[in-house]
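Handing you a structure now.
Chain naming follows the written order as A, B and C, and within any one chain the residues start at number 1.
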Amino acid sequence: MFLPTVPALSRPGSASAALALALLAPASVGAAREPVYALVNARIVTVSGPTIGKGTLVLRNGVVAALGPDATIPPNARVLDAEGLTLTPGLIDAFGGLGLPAPARRGGGRSEERPQSPAASPSPLAAEALVLDRIGVADALEARDSGITTALVVPREGIVPGRSVLLSLAGQRPEELAWRQPFALHLHMATLRRQYPSSLMGTLAYARQALHDARRYGEEWSAYEKSPAGKRRPAYDAGHAVWLDVLAGRLPLVVTAHRENDVRRALALADEFGIRLLVAGAPHAHRLADLVKARKLPLLVTVNYDPPRAPSFGSFGGDTDEEREREEIEEAEGNPAALHEAGVRFALVSAHARDFLAGVRKAIERGLPREAALRAVTLSAAEALGIADRTGSLDVGKAANVVAWSGEPLTKDSRARMVFVDGRLHEPAERTDSDEKRRPSVAPER
Amino acid sequence: MRRAALALLAAALGSVALSSEAPAIAIRGGRVVTVSGPVIENATVVLQGGRIAAVGTDVAVPAGATIVDASGHHVYPGLIDGLTTLGLTEIGSVPGSVDVTEVGDVNPHAQAWVALHPHSELIPVARAGGVTVALAAPSGGLVSGQSALIRLAGTTPEALAVKTTAGMHVTFPTGRPARDISRLFDEPEPKTFEERQKEKRKNQERDLGRLRNLLEEARAHGAAMDAAREGRLPPPKADLPLEALVPVARGEVPVILRVDAEEDIRAAVAFAGERRIRLILAGGLDAWRCAGLLKEKEVAVLLNVDRLPRRESDAYDAAYANPARLHRAGVRFAIVSDGASQSRNLPYEAAMARSFGLPAEAALRAITLSPAEIFGVADRLGSLEPGKDGNVVVATGDVMDHRTRVTHVFIDGVPQSLETRHTRLYRQFKDRP
Amino acid sequence: MRATRPRLRLLPLATCSLLLTARTGGAGPPEAGPGSGSVVAIRGGTVITVGPRGTLENATVLIRGRHIEAVGTDVRVPSGARVIDASGRYVMPGIVDAHSHTAAEGSVNECSDSVTAEVRVADVIDHRDVNVYRQLAGGVTTVNVLHGSCNAIGGQNAVLKLRWGKPPEGLLFQEAPRGIKFALGENPKRSNFSVPGQRRYPATRMGVEVVIREAFREAQAYRREWQGHAEKAKAVPRKGEKPVAPRRDLRLETLLDVLDGKVLVHAHCYRSDEILMLIRLAEELGFRVRTFQHVLEGYKVASEIARHGAGGSTFSDWWAYKVEAYDAIPYNAAIMAAKGIVVSLNSDSNELARRLYWEAAKAVKYGGVSEADALKMITLNPAWQLGVEKRVGSLEPGKDADVAIFSAHPFAAETRVETTLVDGTVYFDRERDGAGREAGEQETDGSVLAEEGR
């Protein structure tokens, strides 16, 4: 495995000093550090164009330098024989919990566990929070074993859990992994139990009020900045400042939709305040295919078909309609295929599922063509996130995020043999099936 | 006048013993709906000695009998509400006034009849609606206790009780956690659907196992008690719960089982067959889906009609049409209020069943003779036949019509006051300026 | 043997309506809605108009587009009209339920605070709630979906028309004025439940009054703040720097709308003293309560309610479930009506909403209300209470074509709803429902269950 090495103590002398300086200077990740790679004899699925039956892929300086059946191999390239392997762009999990600790287990009637420190239990209403602060790098990097090279990380709990970060899975410290920081502000269409908002109505009212407050905050500060004379200085409010970023279009808002109508609610909120919107989750979005298409709504579609849910008040001990619950899960499984048939472009995301790829395979099983599934976790995901100009497909100039699969990508037995992130090679260790079960490749949700 | 006063006194004291001294009553000129036989127009019902003495167009009226003019009115047997918490609950939200659910899962030795509140305001209200007999049942937990069949007149529990033990109430284990309003604002652990299903099945199996063990132990305990009585063995250690279950295990006292889901009903019927217990279902929302099975195994059902369907995919009238479907399949059932404060609306539940396919006579039978049969008291209740208890209701019209008013109620031949908390408050305030 | 319902596999948008069918037994999508000019004639029935013309035998209700064009015994039916044969049947206005919590996603109670005027039920409409269909099958066409009774001042309600199959916006009764929920008595003071570790104010009826009074005081202060700002802004010369406006507070804004009469107040209440409290407080603050809801002791203070001008929306005969309901009597509606209060009977329940026609019949039994007046209690009266009496509540020309057709008089013992129209479109028809149901509803022999391993 190639990781950036800590520079050795340099000897005095101008050459070594220069080298030391070069090494110590703040560098783009892996600048001129990783080797040039040429993968040859590979089947290359570019996603953006036709598949190359047998060809060469050259990675240099963190980007795709060349690719094609007859691409030139640079003399200094490390040549890797990819005979029998299929190359795809690195997979993108555009909405998940990579690298985050499992949410604190609640008591729910059992004996009190040791009290959680405030840092461990984040506030459920904290626009100012930054997910990056809580990322565990080692945990996040494990995702590469599944072929994931890029991930948007969002906490599952809370209503406004704060701002997410887009990670490129290469580096040692959280900052090194951060590709876009912050990426977006998140609003979950959820409720709290003992505090406001404890109903969905309350959540929407909360969001509306937050945006109004941010608007005023902005007016107050800009009036002050324009001419402070005679004015009391306004107070700084981290939360307002973030909502103001959203209002001003500097930061998108990602709304997590659980129900069909949550998508409508998200659109209504975005319309009322003129903000940039993405919708994540949306297990029944196919019912709104026309609306999604007409509004060109970036959709991050969940493969977490049966997520853990707290029983709702209505169902408390009463007779639940299990038939309906089962049908809803089945509908969620068929959702990606239905969206595809309706001509909707969308990303497939883990949405904190235990096994992202298993969820993607389920969507394929339920009718989503494999090619469409692959696009949904590569180029369509990049498009939804607004980063398709720099990743999501194997094209010259794009980031060198590549996976070499042992078999057909997105099948059960196909393993990621080599994973390149920003041109740096990671080779997943050989795993047996029992290993797979003990160490899931994404952060568990419990 | 003196006789009327005596009758009122008898009513006030509520003692059955006095009813035999109460004067005879002849209810004359009404449309007499006997339930057991054809409707008789312009007929007379004679009550004497606490019983129905005669029914017909040509009956002899005893000398000195109080005449009740029922011309233009309908005359019915006193209605029977086969599942209520009458006498066990007053104000639902006030625990001090509610004696329906005991602590603990297994309470076979809890007996409703000892906890009856004869002066509950709810009893006169139900009675004023024409209900004369009701099942007062405990609920909750796995084995809730023994219900009593009560008459809605009397000043002591003994006076109320027609049968101190009508059935043993059991809730079929659904495997779901019990409803606990105190935990409403807790933070329960989120679970996936699959996890909840697994947990449910596990809980269900465990609880069915408990029931099985209880009945087996009861059977053995009963055998041991018999042996002790016959001097073959020393007496077994006293065990009230098991003792209470012995007649159940022997099929002498029926289990009244609360159950709605089809798969649970089938499992319950199989369980009952395996343990040789007598089974009556309460709730039975999915009963129509296994009507054939219920008919075959002769399982009766206590149906509450005004309910929402169980599933989204069920027909909108699944609960309304349930009685009609059971009727067509030949399953025995009663229509019940499954409440207390709304027991007076019993005839309207029957009306809904009637609007959705149940023939009118069958609807009326479901709130009179059928519950009497189900609880083994059809020899004395449920129809207007000579020899039966003098429970009679007179109304301005069809008792299942919401506009009809009940004008007279007789229980054991004693005229009942139709005064209730409601009529008193009405009189107090209706002319307030 | 069981006919299996269609499994949900790939569902292109076109089959979206099938989804509705598969789920809800026979609840198929409504017939294609009428174009603006299409004509429907409901012919030959006994038409209970609930309007000044009373009940008409063998009459016709002529509908064009969304509205009723004519009602009478000699209405000419144009050729090409779709005819619904109502001979032997009873035709009445669609039922209006003035107290409902149906078709809402999640909780209708924002319990976390004592005043939550900013939350809106309209934000959480669940247009796929099958109870909408079940209520149509009970003749209901308009419902007032209220915030719950957790708070002294709750959130804003949503008045809906049961246009089953339309998206959420399509269910909103556009012409209905805004409304808000107040709650008095045991519920807002949490007498019957508690949140562990939390003792929320108020715990007494004294506190309920304080909460309401203080909320409006705050709203008035908020108004003064904005008025002050408006004056300052006016005083600034044209090119001068405009002052920054105060913070917009959605909660207080709503309360100001209450004071300005723009939002109808529906107050959940039980005991006579709390009814009098709110009358007193409302008059002091300068607004009128539109309806007292439940108002189970309304009969004790009927003249005061009448003088104040509020309507009363109550149960026919529920009682004894709480202490404050112990003095409830089924004569409540009759006594209040006799004092000139506009009285409606409501359901507050998906279960009861399906049979409001019989609840109205009980007003005849208790207190001798006439059948005509009793029917008003589930049609024109609740329509007035919701501020939509110009649109619904009676079968009169110009009003919305919301109609319920019964197999017999709505109060008759064997009656049943056969057909329900909203805005001239049939949204429920028992025959069509039956057709859908036969397929999926045979008695089973348990074999399917055995296969599924249950």
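Operating definition for what follows: a contact is a pair of C-beta atoms (placed from the backbone, for glycine too) under 8 Å apart; a residue touches a chain by one contact, two chains touch by 3 or more.
As the structure is a computational prediction, the values presented were derived from the model and not from experiment.
Ranked by separation of Cα centres from chain C, the top chain is A. Interface comparison, A-C versus A-B: the pair with the greater number of contacting C-beta pairs is A-C.
Averaged C-alpha coordinates put the centre of chain B at 35 Å from the centre of chain C.
Separating the CA-averaged centres of chain A and chain C is a span of 44 Å. Chain A and chain B have Cα centroids lying 60 Å from one another. Within chain A, contacts with two or more other chains are made by residues 194, 313, 324.
In chain B, the residues that reach two or more other chains under the touch definition are 181, 184-186, 312-313.
Shared interface positions of chain C, i.e. residues touching 2 or more other chains, are given as 23, 195, 198. The touching residues of chain B, counted against chain C in their complex, run 90-94, 121-122, 181-182, 184-186, 262-263, 266, 288-293, 306-309, 312-317, 325, 329, 340-342, 344-345, 348, 351-352, 354-356, 360, 398, 400-405, 421-422, 425-426, 429-430, 432-433.
Every residue of chain C that touches chain B in the complex is listed here, in rising order: 5, 22-27, 130-131, 133-134, 137, 186, 191-196, 198, 299-300, 302-303, 317-323, 325-327, 329-331, 335, 338, 350-352, 354-355, 358, 361-362, 364-365, 367, 371, 411-416, 433, 437, 440-441, 443-446, 449, 454. The residues of chain A lying in touch with chain C in their complex are 191-192, 194-202, 204-205, 208-209, 212-213, 216, 219-220, 223, 226-227, 259-261, 264-265, 286-287, 289-290, 312-313, 324, 327, 330-331, 334, 337-338, 341-342, 366-367. Contact residues of chain B toward chain A in the complex are 174, 176-181, 183-195, 197, 260-261, 310-313. Residues 7-13, 16, 19, 23, 105-113, 116, 118-121, 123-128, 147, 155, 167-168, 195, 197-198, 241, 244-250 of chain C are the ones touching chain A in the complex.
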